[in-house]
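For reference, chains read A, B, C and D in written order, and residue numbers begin at 1 within each chain.
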Amino acid sequence: MTIKILTFGIMRDIAGAERLEMELPNGANVAELEAALALQFPSIRRLGALFIAVNAAYANPDTVLSEHDEVALIPPVSGG
Amino acid sequence: MTIKILTFGIMRDIAGAERLEMELPNGANVAELEAALALQFPSIRRLGALFIAVNAAYANPDTVLSEHDEVALIPPVSGG
Amino acid sequence: MMDIQLHRETLSPEYCRQYVADPQAGAIVEFVGLVRQQTKGKTVLRLEFEAYEKMALSEMSRIAGQAIERYNAIKISIHHRIGVLQTGEIPVIVAVSAAHREAAFAACQYCIDTLKVTVPIWKKEVFEDGAVWVSAHP
Amino acid sequence: MMDIQLHRETLSPEYCRQYVADPQAGAIVEFVGLVRQQTKGKTVLRLEFEAYEKMALSEMSRIAGQAIERYNAIKISIHHRIGVLQTGEIPVIVAVSAAHREAAFAACQYCIDTLKVTVPIWKKEVFEDGAVWVSAHP
């Protein structure tokens, strides 16, 4: 399946794009997405943290993804 | 010596006047003033507290008074 | 720097906030008191504040100076109302600026907490069936 | 009740304070962030804030809801700026009303502390010699 991904902050600089698409096996979860991202963008490891949001809420590693989800990469926030 | 005294809040109601004068021996201190006040106005004992200010600052019991001082009776405050 | 005032007219939170703004400040915390309609279940008609004005100003200045020193606050503005206040009006404002928010919160809370204990201002609550000097009796 | 907004234009502390005023409230505490001239000794030219807007609004609403529940706050207003900000401008406002001041202070501090940890908003500091995403690296 194709997962559509939004990028923000430094993660957008690392990805070089506002939107990514990644191919994952059907039924893949957030942990598998994280592993695929770390392979494609090794500099993610130097971030303080990287959280995944699914449909605008923080997701757990075992959250299962589907093609209709809005997935976002959330590097360390710095609002306020 | 004659000590001029300002009253505020409930202490003004107890004293029945905005200003009092009390006769004290020369060299009397704040503790002696307090004792004289308690004799003249027994209901002071029912207050939560009564502080004495001398020249617009909180005074200690052993602060010595003089006729030129501005003395004020400070019942429990409730500003804010 | 500090700005300490007693007023007989409406207090202005905008004024106090703008006073404490500063190029070095990353945070402003402002406390605004309000006269509530009810106290302990009884309807308040109005409040009457009186102050030993000279000493109230010097005590508020002392408190602001302590807060600047202890918490490294940059600027503090404390305005207190005196006279008759209706429900919804503002009896007191404390605005504090600091480089960081923790200091601004701590200094603002210190000022209002200490003001309520030491500043010679007295509040009379007026109800339909009488009036009381707040805190007068234990 | 809560009022949660993201804005591209100047934020208004007056608006937020007036939103939270309430006949049951005895205290309003308002936190106002300011863009400082200097950070870690370097002169900041400007800040650039970006947000995952939909999620930022829902996270700020969640935080306000928790603060109302935990601290018995009455009303909360949280406004956050996005886009380009100059020195002295306001990136964020948190205004809270409560019956008593302790709750208003605690709820306001909870909201801004939590906002800084969980709300998906990112700040880029722009200096003469470059720019950094704040907090990106440990």
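Remarks
Heads up, the rule we're going with is that contacts are C-beta pairs under 8 Å (C-beta built on N, C-alpha and C of every residue); 3 or more make two chains touch, one makes a residue touch a chain.
A quick note: this is a predicted structure, and the numbers were derived from the prediction, not measured.
Comparing mean CA positions across the assembly, the chain most remote from subunit C is A. Our note on geometry: subunit A versus subunit C, Cα centroid distance of 48 Å, whole angstroms. One simple way to say how far apart two chains are is to compare their mean CA positions; for subunit C and subunit D this gives 23 Å.
Separating the centre of subunit A from that of subunit B, both taken as means of CA atoms, is a distance of 72 Å. Residue positions of subunit D with contacts to 2 or more other chains are 33, 112. According to the touch criterion at the top of this document, the contacting chain pairs are A-D, B-C, C-D.
Those residues of subunit A that touch subunit D in the shared complex are 6, 8-10, 13, 46-48, 53, 56-58, 72, 74-80. On subunit D, the positions that touch subunit C within their shared complex are 13-14, 17, 21, 23-38, 87-88, 97, 99, 101, 104-105, 108-109, 112. Across the complex, subunit D meets subunit A through its residues 33, 49-52, 54-56, 58, 80, 91-92, 112, 115-124, 133-138.
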